[in-house]
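Both complexes shown next keep chain A, but they swap its partner, so chain B is in the first and chain C is in the second.
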Partner chain A sequence: MQKEVALDVVLSCLRNAMEQFGNGQEGAVGTDTVIVGQSAVLDSIGLVSLIVDIEQRLEADHGIAVTLASEKAMSQRSSPFRTCGVLAEHVCSIIAEEQTA
Partner chain B sequence: MIASWLFERLKSYRDETAIVFRDGETSYARLLELTLTWHAELARHELGAGSVVLVEGGFSPQAVSLLLALVERAAVAVPLTPASRVHRPDYEAISEAAATIVFDDADRFTVVRHERTVRNALTQKLVLRRSPGLVIFSSGSTGKPKAVLHDFGALLAKFERRGAKKRTLSFLLFDHIGGIDTLFNTLANGGTLVTVPNRDPDVVCTAVEKHRVHTLPTSPTFLNLLMISDAWRHHDLSSLELIAYGTEPMPASLLGRLREAFPKTTLLQTYGMSELGVLRTRSKDNDSLWIRFSNEGFETKIVDGTLWVRAPTAMLGYLNAPDLLDADGWLDTEDAVEVDGEYLKILGRATDLVNVGGQKVYPAEVENILLEMTNVRDAAVYGEPNPLLGKVLAARVNLIEPEPLEDFKKRLRAFCRTRLPNYKIPARIELTDREQFGDRLKKLRPRTNAPGGRER
Partner chain C sequence: MVITGTSKGIGRHLAESYAGEGYLVEGCSRRKADFQLPGYTHHELDVANERQVKAMISNVSRRHGRIDVLINNAAVASMNHVLLTPADASNRMLEVNVTGTMMFCRDAAKVMIRRRYGRIVNFTTIVAPIALAGEAVYAASKAAVVTFTRILAHEVGQWGITCNSFGATPIMTDMIRSVPQDKIDAVVKGLAIKRLGSLADCKNVCDFFINPKSDNITGQVVYLGGIT
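What follows is the complex of A and B.
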């Protein structure tokens, strides 16, 4: 999957998640929007819901079934969920991994 | 003689109707005639005191009179419904059945004799007492059915105290402790058991109207179907005096709708468990989820928020699992409760509790909120393993009218935000067309204890 496509999915789901779980702060989201840690736009429940939503969207719209939040992903030194851009890359690499597996 | 008071009473009811089966009426006198015939049939097969007999059928005149004969002979009855037929070989082996008697749709039967003797120490103990037995298979929360052995005489003893004579619908099944309780409660008081071929809301309402049924013992899942089906609007259900519901927590929203639909009917939560029998309770009032145990012949206590019961109607034990009763005879129901003075509210099974990042959630609480949403017909909430939070909540929802998943998710979360803290809002939301209850009309929540065990 191309990174632009993945980023579109991530941003679209993030907008929904902020609307549904956010603390009311609106505003533009982009590649650098921080998803986890300090200054994150979502709490942990919001983050988990976002990840599930992205997985569901990938399956529904692109026919790709993947698990984004695995123990392996959690144990990476720098979180694959840091920002929208990093998450989009994570989506692409997980898809590539599953396809070659 | 075993339970002689019961048979004396049945005799006294003579020509009154005991059972309505396929719209045909069977009197008490006829039922007792059939029971006599069964004694001869059982004797012919050398099935007497202490013989274990598996009975596959329903509340037909023949099957009910067989149950009566088994009680009178101090035999051990193992009721089974045709829907559970696949389990029959297992159940025969676990209960050490000496015979299986199967009824067909026309109430004809076949008897199959088995070469088995009772070796289970628990059953042997019962046989030595010369008490009749009852084995109920409990589905349990872990999947493997457990065989619950009861002293049938002790279970029946509570009906010796006279109650009101009622026409009661046999909603709960033949192999369910609630079904057996309904049957004997009705017969012991000279009432009429109205049977139904299936439990479709329209079929149930038709039977209530036609036979002027007073009492409907049922489950919240069925009552939800009933309210959604609208069947209740198209039938005259004014004869209903009592709707009793047990087996699972009642959603507050559903109770409210029932209250409006049946303003003159008493709504009563009962408390039954295969291991305990059915215990008498009183609801605080008609639209209250708070109940009080009558504690007539049984005791209750709360330990760490969980209900414990000690009752003479409690099982003797499991035939195929470690004993659950403690040394003093108390049984941990595993039902989490909230207490307010002498009243308590059932929150749900402690085993259903989901720990979301350290915060505890009872699925029933979230399901109740989802059921208040428009266009939601049914909802099952369960915990799903998650590497971030340990568990997160997942909701599988049946809609009334089709709606795109993305739109529904938005609506669900907006609805929940004003009613629940974030950790109780489902992270995974799925729509399904499959019904989420079993043939007992009791909610089936997906079980996802093993990591990655999510159903797709």
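What follows is the complex of A and C.
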């Protein structure tokens, strides 16, 4: 999957999650929008909802079944969920790993 | 509706009953089902195999677009004194009974979230609250299922998903056929309702938990026979 497509999915799902679980911050979301850590736009439940929504969207719209919160992802020193851009790269990376497995 | 462990016993009874009532039932077991029913689809898998569990839920989600009900019935038991229990047997019970249940709940709940609706019933056993000697690891694994279910109820309740546990009294299925009769009699003697459980008893409790009206019933455990 191309990163632009993955980013579109991430941003679309993030907007949905922010509607339900956002911390009240307004403004456009983009590559550098922070998802995890200080100044994150979502709380912890919002992050769970976002990850599940992305997985479900990838499966429903692209026929790709992946698990984004893999053991490897969760144990990385630098979170693969920290910004929209990093998360989009993580999505591409996980899909590539699945396809070569 | 997804039901695990449908090749025989309680799981098969539930699959047959709910398919007969018009549910589209997706069942699974490690071996092929020796029955066919309208509305019933069987999947051959090991509930402790993460890849196989994911593949089944993904398959169900693709074909139906939704999962309304999950009944985690599949389990393995190894009745043995702790001092004679091999680690492999213990690990297998924990893998199937705890991790298998967790994986089905996790993956089915992800699908249920889409429609903000779901009913999850996880099977436990009365041998945990009555602390039945000879079933320490099995009982421990099922006690874990109760705790897991209570917490899961809090984690997914906001998406309209309810999670409850059900513990049957002894029922004459393959799982307990090897248990000595005097031991079964002693268990029944300690019940408020002094009889074996029945398949109908199990379905009755499941009917209650999966009823759409039971949307405020979650995190609960119901035992048959007066056990608390």
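Following the convention adopted for this analysis, the second predicted complex is superposed on the first by the 101 of 101 C-alpha atoms of A that agree within 3 Å, B and C clash if a C-alpha of one lies under 4 Å from a C-alpha of the other, contacts with A are read in each partner's own complex, and residues count from 1 in each chain.
In the analysis below, contacts are C-beta pairs under 8 Å (C-beta built on N, C-alpha and C of every residue); 3 or more make two chains touch, one makes a residue touch a chain.
Just so we're clear, the structure is a prediction, and the values are computed from it rather than from any experiment.
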{"item": "Touched partner set for A:52, first chain B, second chain C, both or neither", "value": "both"}
{"item": "Partner chain(s) touched by A:70 [first = chain B, second = chain C, both, neither]", "value": "first"}
{"item": "Touching both chain B and chain C, residues of chain A", "value": "45, 49, 52-53, 56, 65"}
{"item": "Residue ranges of chain B touching chain A (in the complex, touch as defined)", "value": "356-357, 386-389, 392, 405-406, 409-410, 413-414, 417, 422-423, 425, 427-428, 430, 456"}
{"item": "List of chain A residues in touch with chain B within their complex", "value": "16, 19-21, 43-49, 51-53, 56, 60, 65, 69-71, 73-74"}
{"item": "Touch list for chain C against partner chain A, complex", "value": "54-55, 58, 61-62, 110-111, 113-114, 158"}
{"item": "Residues of chain A touching chain C in the complex", "value": "45, 49, 52-53, 55-56, 59, 65, 67"}
